[in-house]
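Pasting the structures in now, so scroll down.
Each of the two complexes below includes chain A, the first together with chain B, the second together with chain C.
Moving on, here comes the complex of A and B:
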């Protein structure tokens, strides 16, 4: 195995492989910076180029793209409060408040360091797990996936600490928005009112942009100031400070990367929740935190997990040919075009391809972070430009990102309506992340509940995996409750 | 003028009513599709009622009992004005088409709101339109056209 690993490393260091990898990284960085363009769009852009490449070079290019989207999507999340992709929603919670304090470069430094470590841990786990992953992944049936979805839903309470009732109500609003469209269990279209646009449900990116981007644009224009009214120090110094903090919180990085790898490796859960789960567990378990107000650990937690998740997501894609997400599905298509058949052969005859993918993941993470750090100081200066000057460009990016979802007018109508809802919720202290978590988890929860009940009846609750996740949920809820009680006592 | 507290309670009430209506509507769905929206819609409606009761009777108001302010901050614009600009943007699209509407909106916004000069506004708008055309060609996207752009295209044959 070690020899094969070294051979694959030597193979990737050739010009013919490194150049496509670099191209993938550059395209991935651009894709990540533009909200609405996720890995699926990126892969679709690169797929036409893979035909003329050697399989290892093509894999390097595609993995290079997938690896860095969760790194560069931090720019809009931190600097503008706009989710760059579905995996960077939770980064807004503390990254954006830091940017508003003039510490955007610090948040970016910490985020990129966490992304780097998360990405490398993902690659490491992928290497180690290949021989043993098969039985582990097969352990996760619908009941276990349902429990993981419920674990995500319990985060709603943690995310809305301080106004728990309204937080839970917001979560329910998200769940109900998530029920719009085709039902998972019956041939039924729900709450569509015969509007064609609603038949597939409201796209996640439109919900995220509406709830987060539009309210920020409105409020910043209402204030008439820059995103960061006062400078928080020299950008370079802050960037270095953030990088140091990223390394200093290595335990948190390790924990959240573990969560990222596990969630990423489970097909069907999707990467959209991994950042929220990491963020919420960090919030529930770190004492004396100021999550939501610009705590650097609130940036490190989601950023390490969303990069690590890519390593995890490659496991079912390579070993079973089961894509864990939309972008992995396109990657799978690319591999098929190259004549590579994912499955058990990936650890036997096609092992060199698998190892190339792992090395590509690691090297792309390093390249991506180096490029992002080089750009961070300059891009962070945008925070100090008067917002009315930035607003048309940001609005264009938001409108463009929303239109990408289904390329219809419905995207813009939904964007504006959700923008008004998001603005009202922001103004009256409702938890917008709770809506988003509810929305993301609604179809997953309903689908796996239906399958679990149909297949196992009530006995699904007795499965060992279900009990383990159930205990984990209880432990998180209790620790969150105890922490908030302790903090309240401390304040009193 | 309504107080912040009154608007907050009204928002909760509207959310509760919508959730109740969704739960009610869910009863018409097929067997397995009904349970999830019905259950959560009902729980949400009850929760909204509890929150309103708590805000009105039991606990302190969730938000300061101050009049709703629509006045802009110093140097800024009121939220209603901002939404009016959004409406103008989206209103221009069916007339001019997306790329041209973006250009016109950008120039108008930068001149009126940001106080930018003509040259900066025009260069900025050109860059915005360039971005649209570039991304459109890269991603093979067709942007919404307006009747003005359609008329121009038909004249050009």
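Moving on, here comes the complex of A and C:
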């Protein structure tokens, strides 16, 4: 294995492989920076090149893209409070408050360091887990997946600590929006009102942009000021400070990367909740935190997990042909074009391809972070520009990004309606993350509940995996409750 | 890809058309190949990366050279509504000039046959220029005690089948269970065939089918490890609309053979007609490239000739093993014959399928 690993490394260090890898990284960075455009759009830009490349070079290019999107999508999340892609929503929670205090560069520095370490940990775990991953993945049956979805839903309570009732209500609204469209287990359409746009449900990125981007743009325009009204010190100094903080919190990085890898590797849960889960568990377990008000740890937690997730997501993609995230689904398509069918052979005859993928993941993470840090100082200055000068461009990008979801005018209607909802929620102090988490988990929860019940009846509740996750849910809830009570006492 | 390439492609196309007008104007129209200076759009009603998209992109790689006049070829993704959105778009808003062709899979055909109210297209208005069949193999876990088709009625444990949606390709499997008097509990709602195979491997279900390419790479290792037993193939629809043996698995009986050995007679009647219709829609012509009936003959001829070249190009066949599933790319009369069983589907067959689903409580 070690020998093969070195061989793959030598293979990737050739011009013919490094160049496509770099192309993937550059496209990935651009895609990540533009709000609303995620890995899927990037892949469709690169797919036409796939056919004419050597398989290893093509894999390097596609992985290079997937690896850096969760790095560069931090820019809009931190600097503008707009999710750069569906993987970095939680970064907004603390990254954006930091930017408003004039410390955007610091948040970026910490985020990129966390991304780098998370990405490398993801590649490392992937290497170690490849030989043993099959039985591990097979441990997760539908009942266990259902419990993990419920675990995700309990995050709603933690995210809205102090305002639990409103949080739960918002989560329910999210669940309801998530039920729009085709039912997961019945040939039945719900809440579609005969509008074809609603048949597939509202796209996640439109929900995210509507809830977060539109309200921010409206409020900033109304104030007429810059995102960061005051300067928080020299940008380069802040960037370095953030990088140091990223390394200083290595234990948090390690923990959140672990969460990212595991959730990424479990097929069927989807990558879009990884950042929320690691953010919420950090919030529930770190004493004396100021999460939500610009705590640097609130940036580090989601950023380390969303890069680590891609390493985990490669496992089910390569070993079973089931994509662990949206961009992995397109990677699978690219592999078919190359004549590579994922499956057990990825650890035997096709092992070189797998190892190339791992190396590409590691190298792309390093390249991506270097490029992003080089850009950070300049881009962070955008925060100090009066917003009305930025608004037309940002609005255009957001509207364009939303339209990429299905390319029908329904995307715009949904964006505006959700934007109004988001603005009202922001104004009156309702939890927008709770809506998002509910929305993302609605179809998964329903689907696995339906399958569990029709296959096992009520017996699914007694399965060991179900009990273990159940205990974990209780522990997190209790810990979150105790922490918030202690803090309230401390304040009083 | 459309957002970037298409406007550029359209610009380039427009530029070429203008250039063509000014430079090539004196030349007789019929001398110039139809597609010269034009852009051919392959409209895919699914997102990028799926099976249908990959099939289109595979063709897009060979079409520019194969089509006389060397047009620019673009893949245009229009996902939504389980592919109905994109197909409706083709039906209602695309000119019959042969410059946009539609690529469908079974997911676009089944709602048409089942008269989904969202469908605004009539397949009889179009003709296929290329089609691609695929085979499917039914297999069970050894723990069921089933070793061959003869044991289907005497399983030693309850049979579970995992599906995606009863109105999709799983309808074919459900019809088979009915035709062969099999008692199987069906669980719908899985994400895709990959997740179902994983559910099989962890024992959540103990019966499954996979199409040929997925079967070869992922199920054959299970068979070798005594974790799966292949029982029968769905069979292939031939030019006469009959179910015949799958040449990829000549040793396995087809559903038809199993039916005969169970019932002692050739299958017939509405259930069998429904099976053949939906087998054709979901597998027999799993991928189809359509043009509208009013498309200029010149354009259709150029496309058909191009598909013929690709289908006979050894390099394209070699590279297409995974994409085409090991089955030939059909063109001309073969493609038309393959599509006929769905375009001219007996309305009673579809009606039977609908009432069948209602009886199962699945519709």
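Definition applied: the second predicted complex is superposed on the first by the 492 of 492 C-alpha atoms of A that agree within 3 Å, B and C clash if a C-alpha of one lies under 4 Å from a C-alpha of the other, contacts with A are read in each partner's own complex, and residues count from 1 in each chain.
Here is the rule we use: contacts are C-beta pairs under 8 Å (C-beta built on N, C-alpha and C of every residue); 3 or more make two chains touch, one makes a residue touch a chain.
Note that the structure is a prediction, hence the values are computed from the model and not measured.
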| Which partner does A:138 reach: the first (chain B), the second (chain C), both, or neither? | second
| After superposition on the shared chain, which partner residues are touched by A:45: those of chain B (first), chain C (second), both, or neither? | both
| task | Report for A:406: first if it touches chain B alone, second if chain C alone, otherwise both or neither. | result | second
| task | Applying the touch criterion given at the start, work out whether A:450 contacts chain B, chain C, both or neither, answering first, second, both or neither. | result | both
| query | Is A:351 contacted by the first partner chain B, the second partner chain C, both or neither? | reply | neither
| query | Once the shared chain is lined up, is A:185 touching chain B (first), chain C (second), both, or neither of them? | reply | both
| request: Answer with first, second, both or neither: which of chain B and chain C does A:26 touch in the superposed model? | output: neither
| Which of the two partners, first being chain B and second being chain C, lies in contact with A:396: first, second, both, or neither? | first
| Overlap of the chain B and chain C footprints on chain A, residue-wise? | 41, 45, 185-187, 404, 407, 450
| field | Touching residues on chain C, where the partner in the complex is chain A | value | 1-5, 47-51, 53-54, 57-58, 60-61, 75, 77-82, 84-85, 88, 117-118, 160, 162, 165-167, 185, 187-192, 194-195, 197-199, 201-202, 204-205, 213-214, 216-218, 221, 319, 321-323, 357, 362-363
| Across the complex, what residues on chain B touch chain A? | 4, 7-8, 11-12, 15, 19, 22, 25-26, 29-33, 36-37, 40-41, 43-44, 47-48, 50-51, 54, 62-63, 72-79, 82-83, 85-86, 89-90, 93, 102, 105-106, 109-110, 113-116, 124-125, 128, 131-132, 135, 138-139, 141-144
| said: Per the contact definition, I'd like the list of chain A residues that touch chain B in the complex. | reply: 41, 45, 163, 165-166, 168-169, 172-173, 175-176, 179, 183, 185-188, 190-191, 214, 217-219, 221-225, 386, 388-389, 391-393, 395-396, 399-400, 403-404, 407, 409, 412, 416, 419-420, 423-425, 428-429, 442, 445-446, 449-450
| remark: Per the touch rule above, chain A residues touching chain C in the complex are 40-41, 43-45, 47-48, 51, 137-142, 182, 184-187, 194, 196-197, 199-200, 267-268, 316, 320-322, 329-334, 336-337, 339-345, 404, 406-408, 447, 450-451, 454-455
